[in-house]
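Heads up, there are several structures right after this.
Two complexes are shown next, each including subunit A; its partner changes from subunit B in the first to subunit C in the second.
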Partner chain A sequence: MTDLSLSRPAPAEAPVPRALARRVLPYAMLSPAVLVTLAIVFLPMVQTAWMSLHDYVLFRPNDFTWVGLKNFRAALADEVFWISLGHTAIWMAVTIPAQLLLGLVTAMLLNQPFPWRGLARALIIIPWALPSVVIALMWVWIYDSNYGIANEFLLRFGLIRQAIPWLADPSTALGAIILTLTWQGFPFFAVMILAGLQSIPKSYYEAASIDGASAWNQFRHITLPGISGVIMTAVLLRLIWVANSFDVIFVMTGGGPGYATYTLPLYAFVKARTNLDFGYGSAIAVLFTLCLMGVVVFYLRRSLKGAE
Partner chain B sequence: MALRRVSTPRRILTVDLPMLAILAFTLGPYLWMFLTSVSEESTLFTRGPSLEGASFDNYLRLFRTVGFGSNLMDSLIVSLGTVAVGLSLSVTAAYAFSRFNFRGKRILMLQFLLINMFPLVLLILPLFVLFRVLGLLDTHAALIIANSTVAIPFSIWMMVSYMNGIPRSLDEAAMTDGCTRMQALRRVVLPLCLPGIIATGIYIFITSWNEYLYALTLGGRNVRTITVAVQTLIGEYEVQWGLLTAGGITGALPATILFLLVQKRLISGLTQGAVKG
Partner chain C sequence: MTFARIGAASVLALAAGLAHADSTVRFWYHFDNADNPMDALVAEFEAANPGITVEAENVPWNSYYDQLYTAIIGGSAPDAAMVKMFAQPRLVEMGALEPIGDKLAEWDGAAGLQDNLLDLTRAADGNQYYLPVQYVVLYLYYRADMFEELGLEVPQTCEDFRAAAQALTRDTDGDGQTDVWGFGFRGAKGGHDHWASLTLGREGVGLQDGLTSAAGVAGTQFVADLFRTDKVFPPSAPNDGFQEIIGAFKAGKTAMTIHHIGSANGMVEALGDKVAAAPVPECGGGRWTSFGDESTAVLSSAEDKDAAWKWIAFLSSEGNNARFNEATGQLPVVKADSAGWTLHPQRFVEATVDSLPFAHLLPDSAATADFVNTVWPTAMQRVLTGAITAEEMNAEIAALFDD
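Coming up: the complex of A and B.
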């Protein structure tokens, strides 16, 4: 990327001020956004790290004692912390592949010619536009133990003998939420992969079918390599988002029954919100962020390489 | 794959029917919610939701007794405010990223990408403490600021991608004709990427409209957005599913419609980076 205006020689009358203005201009144009994000994002983040090193319970606002790493030691010895971490891992290990697989199938279908393709493509992304609270509400209604359609449906087809309280039973609650989140997130994969599919030149397939390659071989040797970049990016982005978001869980079960659907960000939030223990909540948030950093760094390195 | 002419019956079997099944899975819950919301309350639990004797009573109740009108207003103020803040701060920044090479460009772009990766829970606690000190808790301003943490970096990235699509020769021609940089931005680049700006603005609107955790933590009493109101309904009207689902549909409708309106442009902006990367 070369900026032509920069390489053009400056007019002779006032060379110094104009060159200076040119050098300063991009910073001046950036400064509002940078300053605001420093104030509302980076300072608060530093403050979280700072709070995590203190005893800070909100109903004792004057008690802000330095305790060093005490909150972190407490977290690592806390059973609920490990339960939440385990759930976060299960949750990501199941939800993301499920979303990816369903998204891939949907994208492949949407890439075929059929009369109502435009309509299907528009409708498929609706879950993505819905507020998480509404998503939670409608799935709570679907899973309702007395009148929910999930039980009704399974009972009618004889798949279960009696109604199951999906969200109230510790053994089914996490699975039920994973289904909801898969539903919420697969359109994102579908849309991303579809864009990738459409960027593969048609001539590749022409050449392959002339050479007599089977559909499976075409998929393996042309389609998959063609969309692997998009899939990687989408998986990384989704990993980060899915790990971060806990609003659907919060509304659907609040983490319960017991600790059956706790995840790390939810635990940090609940600690701070209900126990008002901001020191401990911050420590969990910091630990969670550190876990996530691995994925984030990997993603950033990829996308910066792409940006050049 | 796409080349071989497929006979219509075979196409229906391998494409149309699977697609219908996926769409049924996608839209089913939404339609089910709508059906519940217009069903007669008296027969809802005996015969299940049905269109027989359908009415919009639940929606009327929502506005008359529950006061959804003021919740919609709060959501509207917060969302429009976030759009204004997000767009106005990011236009010049996006232009600088798209048109100049300067020291620290990479690290600054990285910074904006990084912000969206941090967990919300890391920000929500200090913002609560900060707003409490400033006396901003439970105001529209608090929610606008909180939503801007997401909106600013996002709109910068979207706008950089739109502006990169506009040839530099255009702003250079304008400057040769005597425009300054800022004039070239205002008169040439901005009008050309207006569709992109509108799409970005609408996306910010949708995300702010849908936002729940900030709205719950930093607002909730005086300023109660639609998402918090829906969640409160769940607590207060536990078994009145007709009313609850009507609330859900009302809360989701504005965002759904807006999204369908701009989805094409929005998706091309969102996926561009991913496909290239």
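Coming up: the complex of A and C.
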């Protein structure tokens, strides 16, 4: 203690440098993270926006012509853009609630005391921990119309009379992939909600029981408010991840048959990486970012209003 | 004194080592076959050329060209790579290829290549960038035993083909469900060869001309009808790729399909004498099949172009080319290697040779890459699933080549 007090600067000089250091220190500590984020997130974002205003086809590297909003006008007049946007809306509107519901049920079950509960909690995380490509390939085999286990089960139970080509039929392909992604993503909700459930004091339920509250009323008035913060954060994160995720679609169908499983991120990727049309691909990516930003802002406003 | 000598010798040896170890050839290729002989070929080449190290990388076929183009733009292109003709116009436009005409003129091996292959692979600008390394021609695989069982003849025309496919599509175990389909159609990327064989042989029809004519539309409609009306393709056909069509044929789920000699040995392993081959049928007055080319090229960004040339010339030299093709299951481009070729059963070599007179390459156009990678697969899948008509598909392809 004595040493510390001795090492302090003389009181007369202290205020200015210390105040300065206190002001500068947070920025100095934050700057590496900010610089890295600027370099790997914001710079590519600005570059994408810049490219979207140019005719830029990668196999003509010297041809980088300013075209203003031409790519955006072309996208808005492009049938495939609207098909992809529609699929993206279905993709998000079905996948996230399905994951949330399944995650909620799983978390409630895992919150009950039963033997080997620890093991069950560990196992439930497996779909979330597997790489997307592995999951996609696994489910391609499950859906296979000749050898797939899905058709085998349904045929044996007499639920269908002829094997269904789940991924080759435009009416079932998107649904089949949504089911895959639901399976992959629900453990995230389960784990998050389980953590929320464990933070609700037992005494609330005991008091409610004494007052004669039914199980449903306990769930509605204690459990749901207790986990609403967690659900809001989890939904927001998944909203962004699910909207952007196209790796599972890419591996399972490549967007096919036709455009039956095209979503906007996939369309932007195919345009840029396969057709090498980076100008148009960037325009689609920018439009998609704007749409997603709108959805996120709307969701945050609604959720925060609800929380108040 | 002794120490000084040892020291001097060590420095010299080190310097010699450095001087020899400075050339590395990064080579990209794609082999489906797990039995990959590339390490052995590399070791042999390095032993014969002490100054050069070859780093050969097997890049998955599905994203081969996506990766290649991206690497070229990103400045990390390989020094040499396996390449197909359909990619040449785009690679030339990117300035990514190194002309090898001068080196070919000095190379002894050039005279030993199969006739015409260098002409076929010459670029539209008159330069030679490609050195052929293997070739195949697509033909019809059929189940000889099923044809015999049903008293069918090998189809000579599209009409025969349709009738045979209808007869071959059946329920063999009496459970009320179709379990063998007449033809395994490849509806995913790479399946343009199947469609082309049933469409582009028609009189006056080509990818760059006549596709929107009545004959051109009839070709696409023929394919659509086989799936939608006759139901002679497996229901998964719109999404089926190489693995699926070959797997289904080997498993006895389909009775015919179109592919090249590269699959012959695997088919014989699975089916023995039950599998046979014939040229694709004549449709609308002519035949069309795909000439499946594969070459190697030196990239213009290569650090040591001489070393890269030596490596690709090594792969197209007598003996080495045979071993390369033993692994890929395709046919050697070196005459001497071809002469003693016993790797494939004769019936498949015959089907290849009989198909050569009407084998074609895809057009030498920058649009061909988009046709193969996105426009054809998407449009075909949409026709097969009833989202668009045959006319609309052909118009879309014609518009792509018109641009």
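Note that the second predicted complex is superposed on the first by the 273 of 308 C-alpha atoms of A that agree within 3 Å, B and C clash if a C-alpha of one lies under 4 Å from a C-alpha of the other, contacts with A are read in each partner's own complex, and residues count from 1 in each chain.
Assume a contact is a pair of C-beta atoms (placed from the backbone, for glycine too) under 8 Å apart; a residue touches a chain by one contact, two chains touch by 3 or more.
Because the structure is a prediction, the values reported are computed rather than measured.
> With the two complexes superposed on chain A, say which partner A:Arg161 touches: subunit B (first), subunit C (second), both, or neither.
second
> Check the contacts made with subunit A and report whether subunit B or subunit C touches more of its residues.
B
> Does the superposition put A:Trp139 against subunit B (first), subunit C (second), both, or neither?
In the superposition, A:Trp139 contacts subunit B only.
> Examine A:Asn244 and indicate which partner it touches, taking first as subunit B and second as subunit C; both and neither are also allowed.
A:Asn244 contacts subunit B only, not subunit C.
> When the two structures are overlaid on chain A, which partner does A:Phe59 contact: first (subunit B), second (subunit C), both, or neither?
After superposing on A, A:Phe59 lies in contact with subunit C but is clear of subunit B.
> Which holds for A:Arg273: it touches subunit B only (first), subunit C only (second), both, or neither?
both
> Report for A:Pro257: first if it touches subunit B alone, second if subunit C alone, otherwise both or neither.
Only subunit C; A:Pro257 stays clear of subunit B.
> Tell me the contact category for A:Asp169 with respect to subunit B and subunit C: first, second, both or neither.
In the superposed model, A:Asp169 contacts subunit C only, not subunit B.
> With the touch criterion stated at the top, can you tell me which subunit A residues are shared between the subunit B interface and the subunit C interface?
Of subunit A, residues 144, 146, 273 contact subunit B in one complex and subunit C in the other.
> Within the complex, which stretch of subunit A touches subunit B?
1-6, 23, 25-27, 29-30, 32-34, 36-37, 40-41, 43-45, 47-48, 51, 102, 105-106, 109-114, 120, 122-134, 137-142, 144, 146-147, 149, 152, 183, 187, 191-192, 195-196, 199, 202, 205-206, 209, 215, 218-219, 223, 229-230, 233-234, 237, 240, 243-247, 250-251, 265, 268-269, 272-273, 278, 281-282, 285-286, 288-289, 292, 296, 299-300, 302-307
> Using the touch rule from the top, collect the residues of subunit B that touch subunit A in their complex.
1-4, 11, 15-16, 18-19, 22-23, 25-27, 29-30, 32-33, 36, 44-45, 48, 89-90, 92-93, 95-97, 99-102, 105-106, 108-115, 117-130, 145-146, 148-149, 152-153, 156, 168, 172, 175, 181, 206, 209-210, 212-213, 217, 226-228, 230-231, 234, 241, 244-245, 247-249, 251-252, 255-256, 258-260, 263, 267-268, 270-277
> For the complex, which residues does subunit A have touching subunit C?
That would be residues 58-61, 144-146, 161-165, 167-170, 253-260, 270, 273-276 of subunit A.
> Which subunit C residues qualify as touching subunit A in the complex?
Answer in residue numbers: 66, 69-70, 73, 90-91, 93-95, 176-178, 187-189, 234-240, 248, 251, 253, 366, 370, 373-374, 377-379, 381-382, 384-385, 387-388.
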